[in-house]
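As structure tokens, here come the structures.
Okay, so chain A shows up in both of these, paired with chain B first and chain C after.
What follows is the complex of A and B.
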């Protein structure tokens, strides 16, 4: 989230897309309800299904799954056509006035820079015109200014086109567009809330970027009650991402090095943003080297010296990626020997379960660390598998549950909150990090004994713990914070990091969370005394836990004030310039604390980008500088905007590339659109071990539109077979009008709902069907996140 | 949470307009009160609990009125969700019919079944107009919501109210809750939600319910007796009362006659 949960109560309008917070985030949902109850904020829920969130929203729009780019695109077009954007904000805080190179082109669904052979775009082909001063040329009235190109790009997203693509009827769309258009006023603010419903598409990144563009146009980024707010799926998934449990980054969102990068200079040249405006602070780009060197010092200690480029050579430079899909694709191709799983069950959570089961069967060994047996630790028990054909040696190492260990959870709003262990570990269970530490220690011992190819990265890694096989989370937290190697003191903030090898930081965005004064994530100065603990009254509670970066509660908050530092809305102050003290006050400023905004050379508001502004046009994504609507890989129609380029041309099709048979279906065989989702009663798959929750939702089911059910003679409770090109479910039907037909490009389209929670492990093993048996093995071009949320199925009564 | 003081009347205000059907109340109730729950059954996909009973002292009802339309308002009135519970009636018929005195009104003005006094006669079950009470077959006693009597004695709010994420279930002194409910109703009416109505907040329903509701439709939709019917027979039904009296008189007469005849027989035998 750019903002945080408590902040949502400041919103006048909440657009909820690709999320169902009432069911998936019921506790956080209280803040949306407060916005509604306490300030009369309006809640618009745009979703294929009428869910428990829709039930309390002001308006539900039934949308075809995977078409939110068209919906947001329609809103962007409405705002631009009617001149409803926040003009002062757009000029001040976005790259609207930057001029794009003449080579930029978008025709019939294709941007310029496409490599036909490799099926990728050269993203450097989407670039600014650079002036003689070396900075980007700015002229908002130029025909190729970002704003004018954007107008042209989105002019195709008329209410009629929105209706053809999304199924949202024109009148309903315009009713919402009118509400959204009002949010460009400085005294109004809108939040956009989303979850995996936007990410799980081959256009996932662009679905989210569409919302961000709308928010920038309306001047809602950086403001209390505004922002783009991702609800994260599990208690610490935000912490996981921050610490790089993701294939494309190092801790703190530093890019993973690439082949050919021989030294830090190469790496910085390819990874760090370049300053594109004289007044751009370009804080991230300018300090990239400090963050990387401090990370290398944290990992390799004395072995990282200026002379050896701080052991940059030790970092892997992978030629391929290690995204979920790529890992299992490698196993399918027989290119992977073993796999260690922790904190999830691959069998259930990946797309195309039958293919994943095949991948697991191809392994020599599989090691599962978990508190319970899972569908992965017992994958050979899946009813369709012949165990005699599985060669995989499976090891289940009993791991502690999070309730049995301390450590911090970082929530969706970026607050790292420390928790204590509630129960002692049971039996011989060990913490996951103890298991990994011991495995590493033993591997290191083997390298010491036997040598090996390039042993230094393993031998030289610093393990600064009292017991190298049993590190304490408190020790790791201190290590992540980093220290000054000269004084030996832990640092109070990332501004103190250096690129000369005298500082360490395991994750620069967490530097300052554990200074010498103590672990700030343990702070609990909250609502027991709001007058004292929330001095601004805005709900920042600065001494409750710790929020990255720098304990800042709202990202980009410099944009909550105008160019002179006056808040856009004096009633909802993010930060403001206090000329008397010469400081910014309010939240921790996302800006130099004493930079006088009246000075002509004061930095531009978005300090993290090379432009100094928010980006309406960006070459940071793989599939286009402006979001464009593409159909899901499996779709009932051809794209009405450009039928010849219907789906995204850059989605990586693993089966096709590996020469495996096609596993995508067509609407001739699979006429219904399906989407998968969670229910409030379960938490992914682990709660199949919790009897009270199994009692609340005991059986697998699918939701079927009433009209379709009537056609097929299906009643609630009947057993139905739902099949895709990849697999099937045989489960109960729940017939409801909460799902219904849509008219898409003149064609009647039904959507089927597939809750995901069941499997062949847990209390009720008769409910063995894996929902992901249906979902396609294909993902987003930038993130490689699988398209769980839009695919084609057939349904029959059994 | 302010202090919980014996001698004051406490209860629930359940605001169904903000209920999101998450069932945290059901789970929190079972956890605190150590209820095993019934064997799992598939109901309709969303409501698999079915009803209030010995194992379920909170039950979230789902009333699906959603029209098959491409767009429409939610506003808490299309798909109604309501966390049902014992109403802790002022005129509590369960308490009135209990022959052993097991059902008492506590110092918090709540209705409580003392398990060690209950003899399992089931009179309360048939007396309850809301179908709240059921026998726990293993323990052999009648069970229902205690309004977390043990928690109140320890100064803690009931488990369901504590767990409710949207403040749909609010706990507090009944007087304060009634004021809050009135304000909430006015807000909703001000927003044009004309369907919103309070239920059991005044004496018209069984003398007033300590656990009362803000509903988004007529009470009958939620299987609740409306005001006309929500009164104890002994207090509004003169004809029924007279019939009962007449039956009683006849029974007494019949008894007397029977005894007299027996005595006559005994006399005969003695003679």
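What follows is the complex of A and C.
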């Protein structure tokens, strides 16, 4: 989230897309209800299903899954056509006035820079005109200004086109567009709230980005009650994304180096943003080297010196994407030997669980660290598999639970909250970090004894813990924070980090969470005393836990005030300039604390970008500088905008590339659109081990629209077979009016709803069908997030 | 951790708010507040209260966990409830959070390290020493077999292509950081958690 849970109550309008917070994030949802009840905020729920969120919304728009770019594009077009954008904000805080190179082009669904052979765009082909001063040329009235190109791009997204693509009727769309258009006023603010319903698409990144563009146009980024807010579905998905359990990054969102980068200079040149405006602070780009060097000093200590480029050679340089789908693709190609899974079951998650089962069977070895057995630890005896034919060696290690260890969880609002060890480990269970530390220590011992391939990083890694096989999480928290190697003192903030090897920081965005005064994530000054603990009255509660970066509660909050530092809305102050004290007050400023905004050279508001502004046009994504609607890979129609380029041309089709048989279906064989989701009572798959929750939701089912059920003679409780090109489910049907039919480009389209939670492991083992046996093995062009939420199926009564 | 105060302001506040919906009366016509309060007190009186955070979604609801050391020295988890001081959840929990005790304490936990040989039809119970030794030897062997020092273009890349690590959304942050640090130093490029899936 750019903002945080409690902040949502400041919103005048809430667009909820690809999410069902009333059921999936019920306690977070109270802040949306507070906005509605306490300030009369309006709630618009745009989702294929009518859920409990829809039931309390002011308006539910039934949308065809995967078409939110068209919806947001329609809203962008409405705002621009009617001159409803927040003009002062757009000029001050976005790159609307930047001029794009003449080579930029978008025709019939294709942007310029496409490489036919490799099926990728050269993203450097989407670039600014650079002036003689070395900075981007600015002229908002130029025909190729970002604003004018954007106007032209989205002019195709008329209400009629929105209706053809999404199924949202024109009148309903315009009713919502009118409300959205009012949010460009400085005294109004809108939030966009989303979950994986928006990300699980081949266009997932652009679905989110299209919402962000709308928010920038309306001047809602950086403001209390505004922003782009991802709800996120696991307790510490945020914290461990920050700490980079992700192939493409190092801790603190530093890019993983690429082949050909010979030294840190090369790496910085290709990774850090360049300053594109004289008044851009370019804080991230300018300090990138400090963050990387401090990380390398944390990891390699005395073995990282200026003379050896701080052991830059030790960092692995991946050849290509190495994310979730790529792991199983490599296994299917026989290139992956071993897999370690912790609290994560590949089999159930999929996509294309049957193909994932084959991938697991191809491994030499699999290690599962978990408190409970999973569909991965037990994959070799899945009901259709003969164990004697599976040659994978499997190790299952009993791990402790969250409640048996301390450490922090970072929630989706970026608040890092420390938790205590409440119980001792159950039976033989061990902490994950003890398992990993001991295994590493044993591997290190083997390298010492036997030697082997490039042993240096394994031997030189600094393990500064009292017991290298049993580190304390408190010790690791201090390492993450970092210190000054000369004074030995822990640092109070990342501004103190250096690139000369005299500081450490395991993750720069967490520097300052654990200064010498103590661990700030343990702070507990909450709502027991609002007058004292929430001095601004805005709900920041600065001494409850700690939020990254720098305990800032709203990201980009410099944009909550105008160019002179006056809040856009004095009733909802993010930060403001206090000329008397010469400081910014309110939230922790996302800006130099004493920079006088009246000075002509004061930094532009978005200090993290090279532009100094938010980006309406960006070459940071793989599939286009402006979001464009593309159909899901499996779709019932051709794209009405450009039928010849229906789906995105840059989605990576693993099976096709590897020469495996096609596993995508067509609407001739699989005429119904399907989408998947969670229920309140379950969390993915682990809750199949929790008695009360299994009692509440015991059995797998699918939701079938009433009209379709009537056509097919299906009644609630009947067993149905739902099949895709990849697999099938044989489960009960729940017939419902919550999934009505849609008219898409003149064609009647039904959507079928599939809860994901069941499998062959758990209390009720009769529920062995895996929902993700149906989902397609393909991902987003930029992130490779699988398309779990839009695919084609058939349904038959059994 | 701290001892529970017998007259807990937070609990009474919640109790009052909860019964306020019914005007203080249950459908049976009598006020349950006192009975519920007394029952609750009996359950957690003298217990130790610890601070935790819900293990399920990313709202980050703060929890209070009540434990008691029994005569046999075992720590018993008595109750988990929402922390009324939290600016995130203000004491509230959903059905998953409210049943978190059953995730924490369960007969279904994996009892010990288990090992399944290639082609075997059943698990074998093994020692930690055996399991960690096997895992370490597997990692070393696969790393040595699949490690690429220099790629086809002559670039120094120092990567291990044949092992993947995935998981971590239920780790404490510090565990996740350690996982990244260890896996990267082994040269892993295939590193993933639940962010995409």
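Simple rule for what comes next: the second predicted complex is superposed on the first by the 798 of 798 C-alpha atoms of A that agree within 3 Å, B and C clash if a C-alpha of one lies under 4 Å from a C-alpha of the other, contacts with A are read in each partner's own complex, and residues count from 1 in each chain.
Quick note on the criterion: contacts are C-beta pairs under 8 Å (C-beta built on N, C-alpha and C of every residue); 3 or more make two chains touch, one makes a residue touch a chain.
Quick caveat, the model's predicted, so the values are computed rather than measured.
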item	value
Partner chain in contact with A:732 - chain B first, chain C second, else both or neither	first
Touched partner set for A:81, first chain B, second chain C, both or neither	neither
Which of chain B and chain C A:717 touches, first, second, both or neither	first
Partner chain in contact with A:619 - chain B first, chain C second, else both or neither	neither
Which of chain B and chain C A:692 touches, first, second, both or neither	both
Contacts of A:37 with chain B and chain C, given as first, second, both or neither	first
Touching partner for A:365 - first (chain B), second (chain C), both, neither	second
Contacts of A:543 with chain B and chain C, given as first, second, both or neither	neither
Which partner reaches more residues of chain A (counting touched residues only), chain B or chain C	C
Which of chain B and chain C A:585 touches, first, second, both or neither	neither
Chain A positions touched by chain B in one structure and by chain C in the second	26-27, 30, 680-681, 691-693, 696
Partner chain A, residues of chain C touching it in the complex	1, 10, 50-63, 65, 67, 75, 77, 82-90, 92-97, 99-100, 102-106, 108-121, 123, 128, 131-140, 142-149, 151, 153, 155-182, 184-197
Chain A contact footprint on chain B (complex, rising order)	17-18, 20-24, 26-27, 30-31, 37-42, 44-46, 48-49, 64, 66-76, 78-81, 165-167, 187, 191
Residue numbers on chain A that touch chain B, as the complex places them	22-23, 26-27, 29-30, 33, 37, 40, 45, 50, 52-62, 167-169, 172, 680-681, 691-699, 701, 703, 705-707, 716-717, 732, 734, 736-738, 740-742, 764
